[in-house]
Amino acid sequence: METSIVQIKDVTLKTPIMIEGLPGVGHVGKLVAEHMVEELGADKIIEIHSSHFPPQVLVMGDGTVELVKNEIYAWSGGKYDLLILVGDYQSTTNIGHYELTRTYLDIAQKYDVKRIYTLGGYGVGHLVERPRVLGAVNDIGLVDEMRRYGVCFKENEPGGGIIGASGLLLGMGKQRGIDAICLMGETSGYLVDPRSAQAVLRVLSRALDMEIDMRALEDRAKEMEKIIARLREIERAHVRAPGEEDLSYIG
Amino acid sequence: METSIVQIKDVTLKTPIMIEGLPGVGHVGKLVAEHMVEELGADKIIEIHSSHFPPQVLVMGDGTVELVKNEIYAWSGGKYDLLILVGDYQSTTNIGHYELTRTYLDIAQKYDVKRIYTLGGYGVGHLVERPRVLGAVNDIGLVDEMRRYGVCFKENEPGGGIIGASGLLLGMGKQRGIDAICLMGETSGYLVDPRSAQAVLRVLSRALDMEIDMRALEDRAKEMEKIIARLREIERAHVRAPGEEDLSYIG
Amino acid sequence: METSIVQIKDVTLKTPIMIEGLPGVGHVGKLVAEHMVEELGADKIIEIHSSHFPPQVLVMGDGTVELVKNEIYAWSGGKYDLLILVGDYQSTTNIGHYELTRTYLDIAQKYDVKRIYTLGGYGVGHLVERPRVLGAVNDIGLVDEMRRYGVCFKENEPGGGIIGASGLLLGMGKQRGIDAICLMGETSGYLVDPRSAQAVLRVLSRALDMEIDMRALEDRAKEMEKIIARLREIERAHVRAPGEEDLSYIG
Amino acid sequence: METSIVQIKDVTLKTPIMIEGLPGVGHVGKLVAEHMVEELGADKIIEIHSSHFPPQVLVMGDGTVELVKNEIYAWSGGKYDLLILVGDYQSTTNIGHYELTRTYLDIAQKYDVKRIYTLGGYGVGHLVERPRVLGAVNDIGLVDEMRRYGVCFKENEPGGGIIGASGLLLGMGKQRGIDAICLMGETSGYLVDPRSAQAVLRVLSRALDMEIDMRALEDRAKEMEKIIARLREIERAHVRAPGEEDLSYIG
């Protein structure tokens, strides 16, 4: 066992919902989960360390370091109590992905979690103006409920399956009898995508029956759109007409 | 131990024959084994999960997910009872290949399996109109019997040995006193090859003394041949005469 | 556990300071630590072997071989007793980096180490005439003390975090309550850099309140500068004017 | 522990010498050790299986398969009894190299081995007409004895150390108090080299004070030289004069 848990704080929660937002395509899941931690002022209760993470520390603004880790934040105050799983990295090995997911599920069971939302991006290879939110579930009974929140279920999407914690929490959660839903915002796959994160958060808010202020994400989305516009201009200046085709990878 | 077994259903079988058809060259083994499961209406009795598989779930047509796994189906009703091993993936690590093969053999021994057929493709680098079925065995006494079913034994074929479950089941099966035969249909190695699968199934039917309807495989073979014909046309249009040499990799 | 310790010699030390100088960017840390071992005449007290090192022996000048290993040298005679960790290699696997760092910290705790300095280079992508020494710490209270010795703390430097033993000793040392400081000499990242090593040693000498003769490092730095000068000439001869831009990677 | 031993036959040996000839540069060690097994008619006494080997079986001429493995042969009848270690593969992982070497040494200790010769090639990047045999030892006292048998000890050769079983048996053998010598025949590094194998065998015969018929190796060397001559002709026909420089990689 290469993974260990540090309990930072004890909390009592009422059958909380777990939300996973680890790094992945377009950092969509990470953006949503970190935004929620910040907006809700959730409390860090657990740190997860693992030799399956990169052998690395991150240097903070004040010169101190933090060991690469995953963290779980707790929040209560709405219709549902929440456990939010965030982090800098996922496992660097296949075996580690399975081990870490077992750890997340052990924690979920300890807190009597009955439902998990895993958040991610779905890379489509071109910029998306109005990203849909695709869904996958680990129990057929969840499909209709998710459709009511605006989730799309399309045959053969995503074709390649779901890789990493966002997928394994569904597959291995089912083995433990925990309902789990993966929400995937459409995204180019080339850039960090706060616009896609907004789409996912909108669906998730409905599912959790709570309001979450989105201004911070909106600001990041606008910034990102300025960067994209600048990139397009630079490309335009360098590419012979009609050239526009060459921009497809950012547009 | 990174591998676990879930018993889905209990069955009583009489010294069944085990058939392995996991993914490999031309997906020949997988095509044959999955075709048999479907045609015979075999029952899933075991699921095998492993951290040596990719850390991934597959998304089904209805929006539900399935953890990547191997499965064993049981069938009785012919001269021999059968255990058929199929799956989406083989191990992603060398060590995992050994561990998974030990698991398959543990299951075989539990059901008192005395003989295993492993199915695969033998890549020859060019399209084959009438694929032969090459054989390898883990006991010299099996060669003559296999020849009677139409299996070819040629010195130095396959030269590179047999990699993965199809090979290890022979080598490690011998250590446990289980007879095992590998049947390899000749195939280009570039394309999924239902024609080669038919050749293997024809030999296997004789060995099992049973009839298996081949129409579904025949349909897939014809579809594949249409695709190849189209590919050839496209190539012909783009290549200067005599050009045909350049097609060797698909012809 | 793939790592083992051989105690070569028993010594009694008074809450020594541990200094780590394993191979890394510009071999800056290794140069400083090996220079200290030599100048101080420190005693080898421990050898660390691990299956996470390359499976290799090094051949010495006399025809004998040495298993790839890490070594710890002890020295007393100054204000602080020292344990100096040097070696040919770091771990070849991520998991091994964690395991080896646990081993280093076990040794540190056995000797009642209260402070660790880890030494390394900080690659900036171009030659640096007057390398600064950047710092990172595992306790905010150390920043001011380090500044007094000439260490720079800049926000977002190093941006990518600190990889390997130099980083993990800070992160995992904190978990055991040991103060740890990483000193990183600016360096191009392309060449072994004794000039950067001198800058780090100067800071470290102040921190340890001891004098260390630097002539050997000065000689190596001058040799290196001759090599660089020759490289520049060769480049100049081959590159059309103004060409100088193309030299940026060594200058 | 991913490695297991099968004792095929029991033999009583008198403090035998172990000889290792696993695959490596120019297959020099493998050629020598397999030649000795054949010429001496040594008996196979042990098979070593490991999940660190490739997950593969080899297909023999008669259609049967053999699991990839290492083997130990025993021989008595000369001045020294011998244990000869041969095999198709070395470990595919770094950790496996260490584990397998521990296994070889466990066997050595069981038979009270006091000395090990490891055999290999030393790649010099060009064809060598009269290959020298370079040496490395795990005890300085062995250098003079080896020089008497014609072994060369040159400072900084081999510069990169010795990788795999041939090196680790020296380094880890020393930890167990077993004398070990690595004999490396100079070889191009591009081709299987029976000429270099002859040079190594000549030295080894002297060291073991025994005569070994070399005709089989001589025949293979002559065959190889014909192949090289043919390759040179083909190159000559395709390369413009003076062109000969381009042949340096085989000559």
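The first chain written gets the first letter, and so on, giving A, B, C and D; residue counts start at 1 in each chain.
The working rule: a residue touches a chain if its C-beta (ideal position, glycine included) is under 8 Å from a C-beta of that chain, and two chains touch if they have at least 3 such contacts.
Owing to the predicted nature of the structure, the values given are computational and were not obtained by experimental measurement.
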Chains in simultaneous contact with chain C and chain D: none
Maximum centroid distance from chain D, chain identifier (CA atoms): A
Proportion of interface numbers common to chain B and chain D (over half same, under half different): different
Distance from the mean Cα position of chain D to that of chain A, given in whole angstrom: 53
Chain A and chain C, separation of their C-alpha mean positions in angstrom: 38
Touching two or more other chains - residue numbers and ranges from chain C: none
Pairwise chain contacts, counting only pairs that touch as defined: A-B, A-C, B-D, C-D
Complex contact set, residues of chain C against chain A: 91, 94-95, 97-99, 101, 135-140, 143, 153, 155-159, 161-164, 167-168, 170-172, 174-175, 182
Contact footprint of chain D on chain C as seen in their complex: 2, 6, 51-59, 61-68, 92-93
